[in-house]
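There are two complexes below, and they share subunit A, which is joined by subunit B in the first and by subunit C in the second.
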Partner chain A sequence: MAEAVGVAAESLAGDRARAARTVLDQVVLPGEELLLPEQEDAEGPGGAGERPLRLNAGTRSRGRVVCGPGLRRCGDRLLVTKCGRLRHKEPGGSSGGGVYWVDSQQKRYVPVKGDHVIGIVTAKSGDIFKVDVGGSEPASLSYLAFEGATKRNRPNVQVGDLIYGQFVVANKDMEPEMVCIDSCGRASGMGVIGQDGLLFKVTLGLIRKLLAPDCEILQEVGKLYPLEIVFGMNGRIWVKAKTIQQTLILANILEACEHMTADQRKQIFSRLAES
Partner chain B sequence: MAAERKTKLSKNLLRMKFMQRGLDSETKKQLEEEEKKIISEEHWYLDLPELKEKECFIIEEQSFLLCEDLLYGRMSFRGFNPEVEKLMLQMNAKNKVEEVESEAVELDVSDEEMARRYETLVGTIGKKFAKKRDRANYEEDENGHIKPTVKVKKMFLKPQD
Partner chain C sequence: MKETPLSNCERRFLLRAIEEKKRLDGRQTYDYRNIKISFGTDYGCCIVELGKTRVLGQVSCELVSPKLNRATEGILFFNLELSQMAAPAFEPGRQSDLLVKLNRLLERCLRNSKCIDTESLCVVAGEKVWQIRVDLHLLNHDGNIIDAASIAAIVALCHFRRPDVSVQGDEVTLYTPEERDPVPLSIHHMPICVSFAFFQQGTYLLVDPNEREERVMDGLLVIAMNKHREICTIQSSGGIMLLKDQVLRCSKIAGVKVLEITELIQKALENDQKVRKEGGKFGFAESIASQRITAFKMEKAPIDTSDVEEKAEEIIAEAEPPSEVVSNPVLWTPGTAQIGEGIENSWGDLEDSEKEEEDEDGTDEAIILDSLKMDTGVEVSNIGSQDAPIVLSDSEEEEMIILEPDKNPKKIRTQTISAKQEKAPSKKPVKKRKKKRAAN
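Then we have the complex of A and B:
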C-alpha cells in the first residue's frame, strides 16, 4: 500500500515538475517542483525524442544556481515552499545560472542572516539586550556590538529603545543574534534610532517594494518636506518629520500606497504638493 | 613415515615465537596472512551504503538582499538629518560605483591631453640631463614650455671666390 502511494506521489510530482524558465513571473505553489535549465534536457517533458539538438551538450558548464527565499533545495531538485510569483535575476558575472526566488506576500517575519531590521529592546540582562524583531523569538544583542563600545564604555541603551541592526546569526535552530556594527566595526547608520518619530508595521512585500531602486514612491515622498525614514526588513517602518501632523501624513501615505496604482499615487502626491 | 608426522605440527604451535625461527618463508607468509584475516574480521564496521558526494549546483540563500538590489534602509530627505543623508548617498552609491568607474577611466585624460603633456615633458626632462653648455639650447617658448632648439650642425662653409 505504502509503495503504491509512493509511486502515485512520484508520478504526480513528475507531472507537476515544470521548467523554471517557462513559469517566470507566474504564480507557483508550495510543493511544486521546478526544473532548472540544466535539468530540462535530461528529464524535461518531451523526453529524448524531442530534445533540441545541441552542439556542446556535454561540455556545457553547469553554472551555480542560487535559490532564494521561497525555494528549497532537496537533493538535486528544486522545490517551492511559498506561494507567489517566481522571479529570476540574470547572473552578474560570466558564470552561474542566476538567482531564482519567489516574490511572496506575507506579514510574518523570519529572521534571515544579513537583514537590516528595526527591533525594540525588551530586556537588559547582563551582557546582552533582548530585542523584539517580530520573529518567533527575541534576538540577542551584545552590548559590545555597538560602535565604540568597550567593556568599560557601555552604550546607552534603555528598555523600549528602537534599534536598527543587522542579523549575524539567524537560523532555525538557534537564537537570532543582532549587531549594530558592520564588518569594519563602524556603525554605518545602525544603532539606537533617535527620539520621537512613529513606528508602524506593514507587510514584508511593501518594504521590498519601497526599497526597490526604481521605486518612485520614495522619490515623491522625499520632495514633500524634510523627513527621515528607517525601513526594517521585518516589516517595520519608522518615520519622523518636523511636526506630528507631517509624520502622520507620511505614515498614512506609505501604508496606503501598497494597494494603489501608479496613477492613483500620482494624484495623491500632486494633491499633497498643492496643500 | 616419521618425517611426515614431524611436519604436521599444529598451527597454534607454529605461531609461537620460539617455533618461528625454524620456519621457512612460505609458511611464515601463510601464517601472517591468516593472522591478518583474523584481526580484520574482529573489527567492527557499520553496514552502510557508500556516501556519495555529489557536486551540487544549487545554493540556498534565504535573503532578499541578493535577489533584489534593495536600497539601504535609512533615509533622510531635504536635510532633515544630514548625517543620514550623507550615509544614504554612500551606501546607495555602492551599486553604481562600478559603472561610474569605467566611465571615469575613459573621461579622465583624453589622448590629446596625454600627448600634449608628454610633449612638454620631453623638454623638461631633457634639460635635466643636458650639460651646461647645451642648456642654452633649451629655450622657453611663449607658453612657458621648454623645448630643445634644433641644433644646426656647423659645417664648413666654402668661401666664395
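Then we have the complex of A and C:
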C-alpha cells in the first residue's frame, strides 16, 4: 500500500488531472481525474492549456472512448471511482480510443450480464432455484434453463449443489437471472458441477488475471497433475484432481500466486514439479 | 446480508479430507495457525492475528465508584464486538447468539479465573476504584474467534499501563504520563482459550478450526488454561457426547498449546518493550506486511544510465590488466580444438561416452576390430610422437586419439595404445583429464 499512498500524495500535490496514457498500469485512487490522449493532443502536450477531458466535445469527435468499471463521467470530467491499476485496451478498428478501465482488488462481486459464475443453490421454490452468487442478492435460475430440460423432464438439482451458469439479466436494483444454456440451447460446459472437488474463494482480480490469455499459471498448473477446474467470475474456483492431497495443493497454489512475482511463481512450480 | 451457504461439495470434501488427516491449509491435526501479535502506538492496544482471523484489543480505564458489595475491588469489563467488517453475515446492533456465547465465555475465562488482581485497582475503598474496560473488535472472521479474542484480551491487559495515583490523607492525585510513568496492571496468570472441533460424532478432532471447518463440525470444546496447567474454564457445545478420555486428551493438548502461546505473548511483549525503550519505530503501521497488487506482473526496471561512462572508465582504471592468455591451440579430438586455458571441453567426453556405449553393444566384434587395427594405430601414434603433434585417426570407428603439444609424447602413446586395447574403458576420461592439465 505504500505505493498507493505515494501516488496519492503526488496527485494531491499536483492537484490536477494526469493524462491517462502516463498512468497506464499504475495505481490510481478514487477521486483522481484523468485526461484522455485526444485531449492532450488537442491542447498541445505539456502546454498550459492541458484541461480535463470533455467527453461531449461534439466538434472534435475522434472516435469513441469507452470507460469501463472504476471510471465515471462526472459532468465533462473523467473521474476514478475505484482503487486499482488503470488498464487500456487498444481499439479493434482504426477509429476509436479503445477501452479504459480500472483493475481493482475487490472481493465483493457485482453481477454483470454475460459473466460466467459459480453459484450455490440455496432454495427451490416452484419453477425457479435461488442461487447464491456472492452478490447483494441471490440470482434466480429457472428449471427450464438447463440443456434438455422440459416441463416433464426436470433437471436434478438439490439445495447445496454448485451451478456453473451465465447471467442473462443483471441490472441495478433487480434480481439477476442466470441460465445454464447458451443461445442455441446447448449446455456448453454449464450446468450442475459434480459432487466432488473443492470450492474456494479468491479475489475477483485474481480470477481475471488467471483467465487472461497471456497467463502462464494455468498451463503450469496443468503440467503438475491432471485436473478439472472451473473459474467463476464471482471469485469462486472449483477444482478437482485425482486425490484430495492434489486438490488441496492446487487450491493453495492458486490462492497463493496472487501476491507472488513471476520469479517466485517460477520457483514454486519448479519445486512442485520436482516433488 | 445473508451468510454464504456451504455447498454440499465443500462439506463432503472437508469431511473426506479430515478423514484422511488433511486440512485445507496444510496443517496437522494439532497445529495452530500462525499467531501474530502487533501493538499499537498506545499502551493497551494490540491486534492479534490467528491465520486470517484478526482481533483488535483495546484496554481503557476510568475512575468510578465501586459496587456496593465489593467496596475494595476494581471493576473489569469485557466487550467483544462482531462488526460487519469481519464478515457480511454479522448484523450490526444485534446481539446474536454467537456473540452472547462468546462474551460469556470471555468473561468466564478472564474475570472468573481471577487473573487480574482487582484489589490493586482500588484507590479509595468504597469511593473510587479503577474500572478496566477491554474492548475487543473482530476485524476479520476466519474461524476460532474465541481463541483469538482471549489472546487479544490478555495481551492487551498485559500491555496496558494505567495512570499512577497517589493518596495522601483525603487528597487523591492523578498523575499524567509526563509526571509519573504509568503503572502496569498486576496479572497473576494468563488464561488462554484453546478450541477443539469434533467431527463425525467425536471420531475426529481438530485444534483451532477455521471458518469452514467450524461449519461442518459436530461439536466444539473450549478449554481455557494457563501455563501452570490450571483449567480456568471448560465448555462443550454442539451437543455431542464426549468420552472421559477425549476430554483428558484435549486438556493435555491444551496444556502444550497454552505453554507455546504464553511464550509467544511474552516474547512479543518484551520485544515491544525493547523497541519502545530504544525509540525505534512501533505501531500497527510497522507490522502490516505490504502485499502489492502490482506484484503479479513484472515491471521493466528502469536503468539509470546517467553516468555509465564514468563508471565504466573507473572500473577499467581500477581493474588489473588482463592476464596473458596462452594461445596454444589444443586439438583434443579430430574436429575439436581449444585455444586458451581453463575451458573444459566437453566434446571429447561426449565422444568418449558414445564409444563406450558402442563397445558395450557389440563387445566381441569391437574387440576383434580393435585388435586388427592395433598395429596401424600404434604406428600412427609413434609417428606423431616423433616429429609433429599431429595425429590422424584412420579408423572408421569413432576412435579417440588425443593430440598434445610435444611435451610428453610417451604418455600419449601409452594412452592411445591402452585405448586401442580396450582396457578399462571407464578409466579413460580420468586419464585424459590429467593429460589436459599437463598440457595447460
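Keep in mind that, in the parts below, the second predicted complex is superposed on the first by the 231 of 275 C-alpha atoms of A that agree within 3 Å, B and C clash if a C-alpha of one lies under 4 Å from a C-alpha of the other, contacts with A are read in each partner's own complex, and residues count from 1 in each chain.
Convention: a residue touches a chain if its C-beta (ideal position, glycine included) is under 8 Å from a C-beta of that chain, and two chains touch if they have at least 3 such contacts.
Computed from a prediction, not measured in an experiment: that's the story for all the values here.
Once the two complexes are overlaid through subunit A, subunit B and subunit C fit side by side, free of any clash as defined at the top of the document. In the superposition on chain A, A:Val112 makes contact with subunit B only, while subunit C stays out of contact range.
Once the two complexes are laid over each other on the shared chain, residue contacts for A:Met174 go to neither subunit B nor subunit C. In the superposition on chain A, contact of A:Gly68 is made with subunit B only, not with subunit C. Legend: residue contacts after superposition of the two complexes on their common chain; A:Thr261 is shown touching subunit C, with no touch to subunit B. Of the two partner chains placed by superposition, only subunit C is touched by A:Gly134; subunit B is not.
Using the contact criterion defined above for the overlaid structures, shared-chain residue A:Leu24 touches neither subunit B nor subunit C, since it reaches no partner. Look at A:Glu228: by the touch rule set out above, it reaches subunit B but stays clear of subunit C. The superposed three-chain arrangement places the nearest Cα atoms of subunit B and subunit C 14 Å from each other. The touching residues of subunit A, counted against subunit C in their complex, run 1-3, 25, 27, 84-85, 105, 120, 122, 132, 134, 136, 138, 158, 160-162, 193-200, 205, 209, 238, 244-245, 247-248, 251-252, 258-263.
In the complex of the two chains, the subunit B residues touching subunit A come out as 54, 56-81, 84, 87, 91-92, 95. On subunit A, the positions that touch subunit B within their shared complex are 36, 38, 62-69, 71-73, 76, 78, 87, 89, 97, 99, 101, 110, 112-116, 164, 188-189, 208, 211-213, 218, 221-223, 225-233, 240-242.
For subunit C in complex with subunit A, the residues that touch the partner chain are 1-2, 4-13, 16-17, 20, 22, 24-26, 288, 290-298.
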